[in-house]
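In the two complexes that follow, chain A is the common piece, with chain B as its partner first and chain C second.
Here is the complex of A and B:
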């Protein structure tokens, strides 16, 4: 083990490269900042509860501890200031104000930027001087004495000095050498002279932090102070000589603090090492061993050896039993997404193999091979359980996305001069990580749109007899095999008249007889924007079409509902996962196609006379007083048919994009879970087909794009 | 091999401490807060407890107090890791029965040095 000098870079210690812990620290710090932001947004300024204040404090505290340990001086610096403010809040020494919440939120942003920079993205140092100054002012504002005279009560002095640490906005190196030093001042005729040093650190923001080690009490005229700084020793001493004679100053590296309480159980022989960084208590249990002067201490740390075992007498310490210990590690595990995906792929292959086996198993005589049959049944169940378990690893709650909106809306509403409240429901609904990542941007756009174009200005709302504060609601829920996310607002809603007028202006093909659904759908047309003025908040009419495209690319769909003057709802429907779906296989002649089970409504045998031909080419079928278009899959896909005696006589009613259609097929083969293989990636895009899969017997089957089929049937 | 219970709510600190200790030849059991540590202390013996102070559910000082009530931990060294080195904090640690304190941030060699004073 090397003997690292206390001046060595903070990332080296005991021959251990601290950088190996950086990634965990970054993730953890990110989570803490995220949590802090949410709590800050949720806080009730009038009656902030202690629990929340403590929790917020702990977030800042935790980030600070890690940043200081791993050598991120700028992060440690800013969190230290935040912590000082938060500490006062949780101790009720200060009352929370909106200004405080604002500066803490901004600080959170700055910290995120600093962390991103340390992770290698962006190289401009983050300017935090103004933030630090604001926080300091807020901290001191509570004391009622900005720039109060030096001779103030010691307790106050202490508090101020803790708040008075400065920005080490070190521009160049990513890992700055932060050193902790002990400054011994004295003996002085008047120990108060040392107080000037606090002022010095307050005046020069880049100097670092200073705090008393002696609780403000001089012992024999000597004061001991702890300094955390990046400034070289010589420079530091030079600065201090403005206030205290050079002879009276002694600077030593603080061998990063520890101590033992004299006589504490297990405390080491020398009761109080000169080292301020750690300590053992006198007579405390478990302290260091040795023939310490305090014989009072019980045999430290030794579980009294049973005298019956004479052989063990030489070892005062009985070996503690610890087999149970090794299993008890921390309860979560961070695993790379690649590993999980590999697992999912393997399970996908297993599912296919299992399906093949099941298929083959159908052919054997179950009376003869009973065990084989029950084994296959078990395999099927186990495979399904395994698949669900593996898929669930990738499932993360919607709250991951929803949580970013309170902040965004707060900023947005502020910028637009609107009052907006966000309500979220179903945050716990889980969705595949891949889907969540891809849906975040479209959802952000929708929420932004609601706030910008939907919610009216407070005055306008009042004039319309609505409450001043508009409400944007986000709801996530499971519906069958898919997840539905709704973005609702109680704003002005869509105007059918305006939309049609705008569409005509743009030369789009519209007519007054269009259904509301279709009219509202116009806002998804490329380049279509209804806002009379373009704002810098929502885009310039690009956007909604991109939103729709992204959602459709995920295998999802968007619907709009609106009532003019009362608001609008955008309903996004998404598959739970992109990798696996429940499908219904249908046969057409010798071909097999898969329908997403979530889109299947019902199926029935066609009776003669049920199908009617209308207006030349169109055919419709009447199902319980509802007419719906008939789609003959045989014709759509030009399926060759050799057995002309047989005709398709089964109808499968499917629903998608708010419409229904009846598909004409030969037979229903069965329901099964299928592993979706992307057709575009392996071949090219094919109309009316969303993907492909491998069947139990090894054949390839196409998965039908029901949305596209329903759309086709409308024309 | 000596066994150490390392308690910290921060995963990165836990990892750093744990890695350092394992590197130095100790057996390490991690706990994510005081409550978790208390549960784990009920299942195994330790030669040293190294605990953070500020944690959710149960802080380091409360953990120390509880451990001392248990005859099995009557004389086990307990070190509190803290970012505050104030006398007030030290007195609270002392009153709870802690063996000593170690101020954060510390570097790995310091940790080993301090532990070497109570375990050998």
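Here is the complex of A and C:
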């Protein structure tokens, strides 16, 4: 883990090594920040939904709580400031503004960077001073801007100025929630445990001040502490539970001591007598009378009294939403990918065993062994269902990828001075986790391209009779055994004329008779960019070729459709999963190899004289007016041949990386779905082989790396 | 003897790889699985052994060294098969009904080793283990950790983990 926790006090208090929970914290914090960002983007500035504001607050709060526990002070500090702002928003003390959303989004980014740093990927401390200042200014600036709730804070300010909260470093921006509280800790076996709480307040800036009551002595193992803070009660308790068990903690407003004198002037009516807080106090050693008196002694209670009312009123508002949140969490289970992969492997085994049984079962007289036959049929069905179910565990919805685009487009459009709206469809379409991870970057690039090159500036759009706001559409859908992701924009589209001109300029081999598809395909050529101006977003011509390469490496393909002036669509087609693919098995002498079906174009019987040589050794074959290199698999793989009667006389034309080649094989065995296995797990990389699979009879067959073979033929 | 030269190369490579570290760990007392390669009897740490299987023809891997026979499917895991007889220079490497594969667990990887036959599992006390004789550069100093002497038998105790993960084997990246 990135660095030793500077706050080992936290771990000492709990008496356990917290580092084992770091990973969980990082994962959860990442999720929380992700969720926060989405909600921030979705928020309607004009009429902010209270539930959303609360939810955003909770996200920041959870991150802060975790960060404080694990000793990431920088994270805790930033989240704390965000929380202050969010707290005001959800209490309607401030009206949300775009500036606030922006700064919160930026803070989210900074937090992600900080977390990444703590995880060990990056060394430079993240500069958050400016952010913190902006947030404080917003918290402060909003203060005067809101008319109605002004009266009460003023009263508080008055109280503060009288010295009760003099130790709070910058009282001005946070006065509304400054409260004086009495924390009762205990009974504890070792009252010194409470000392850790002082540590806590020292470590988290802006948490407030804490001082001991009762002269720092425990009464029957119960310590009492006076806290002046801006932090909500629930959060204080959360923080304190890092050192002291929750059951032993009780937080009461400092004035609550007065409340026990029934009918005290100004005391709020007590609507529900069975409040556990009161019950505790009654049983507490020392009795309520003494407690109350002592609470008064160090603090001029009258000073603290007024702010308690708004403070206390806010607590019940947040409380009911908590159970709902935890309910949603419990419906998912965090499982390591290794476990899932192991499950997939085991099921793969089962499928192979089942196939073997089915093979054997065919030879049995079904009239005699009817039960066996029906058992085998059941087994087949159940195995298939099981396989599907297990494979679906690794499937995650496309929304995971799509969700990052609203934010990106928002920033990008702002930077480019464009107006862009993002529409997503089919977010629920599921894709293998491995594919999702690898497709994110290419898709990001495509979306960025659409915004940068596709969508025109608002004025230009209006001039062309289009709505001012451009639309970028992301669509994911299933088509057969693959998933299709479309990135569509209604911008200026690709210009055939410009593309051809540019290609000629770069000396590429083009002619006017080329099909639209081929012309559009030019943008995938390395270093090709039609943007007249290079921006820091895109236009350097690095990218589309990489996009295509990455997608092809996943076994997918890219197509472009465009109408000049009306927009363009990039269609990415991907296999559903990397673990299973459609394969074509071919025989070479006595060996069997697998070709990815997606790369097979056609196959035919070799006629005498079809194969010509170039320069004596290079062999080519003419297929549909195209000469392509012949790759003799027998030679490439040095396959021993015992039966010289037979010879490889079937050509399989394959296509990869924009090139074609004809593979010479003995026979076509068949097509089947294969489970791709890694050769490198126990062995190492083998040239021209991308992996291995297990055939129905339990033998291993190697999967050919068609890309490598085609490359080899070029040299 | 060919075996010597082969082993010598392996030893040198291993020594070079280890970068001057003492290349020969001494055999410790414990349980050893014994097997035969030609006329010699070897012993390896039983804790490295995952299972013993009968030999089945593996799927050949093109352009691999001859001692790498190929890969087999071991309950869904692709496992490379090494013929120790070819690696250690035995004269005959036949595949018959007695030929077995010792499946080893080496540095988190699974590897199969073809041997002529597996004899038994022996408990070797410190008294049974003699240091490997100083054969100057002649013998595989890198991987022979001692000689086990049990009655009339002489067991060549081998650091199978070191051998399998050596650069010479080319099994590990």
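Assume the second predicted complex is superposed on the first by the 384 of 715 C-alpha atoms of A that agree within 3 Å, B and C clash if a C-alpha of one lies under 4 Å from a C-alpha of the other, contacts with A are read in each partner's own complex, and residues count from 1 in each chain.
Please note the rule applied: a residue touches a chain if its C-beta (ideal position, glycine included) is under 8 Å from a C-beta of that chain, and two chains touch if they have at least 3 such contacts.
All values reported here derive from a predicted model rather than from experimental measurement.
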Touching partner for A:119 - first (chain B), second (chain C), both, neither: neither
First (chain B), second (chain C), both or neither touched by A:226: first
Contacts of A:517 with chain B and chain C, given as first, second, both or neither: neither
Partner chain(s) touched by A:613 [first = chain B, second = chain C, both, neither]: neither
Partner chain(s) touched by A:24 [first = chain B, second = chain C, both, neither]: first
Touched partner set for A:346, first chain B, second chain C, both or neither: second
Partner contacting more residues of chain A (chain B vs chain C): B
Chain B and chain C footprints on chain A, overlapping residues: none
Residues of chain B touching chain A in the complex: 3, 9-16, 19-20, 23-24, 27, 29-30, 32, 40, 43-49, 52, 54-56, 68, 72-79, 83, 85-87, 90, 93-94, 97-112, 114, 117-120
Chain A-touching residues of chain C, taken from the complex the two chains share: 58-64, 70-73, 75-80, 109-111, 170-173
Chain B partner contacts - residues on chain A that touch it in the complex: 1-4, 10, 12-16, 18, 20-22, 24-25, 27-29, 55, 58, 61-62, 64-66, 68-70, 180, 213, 215, 226, 255-261, 264-268, 276-281, 284-289, 298-303, 317, 320-326, 328-331
Residues of chain A touching chain C in the complex: 345-346, 348-349, 352, 591, 636-639, 677-689, 692, 694, 698-702
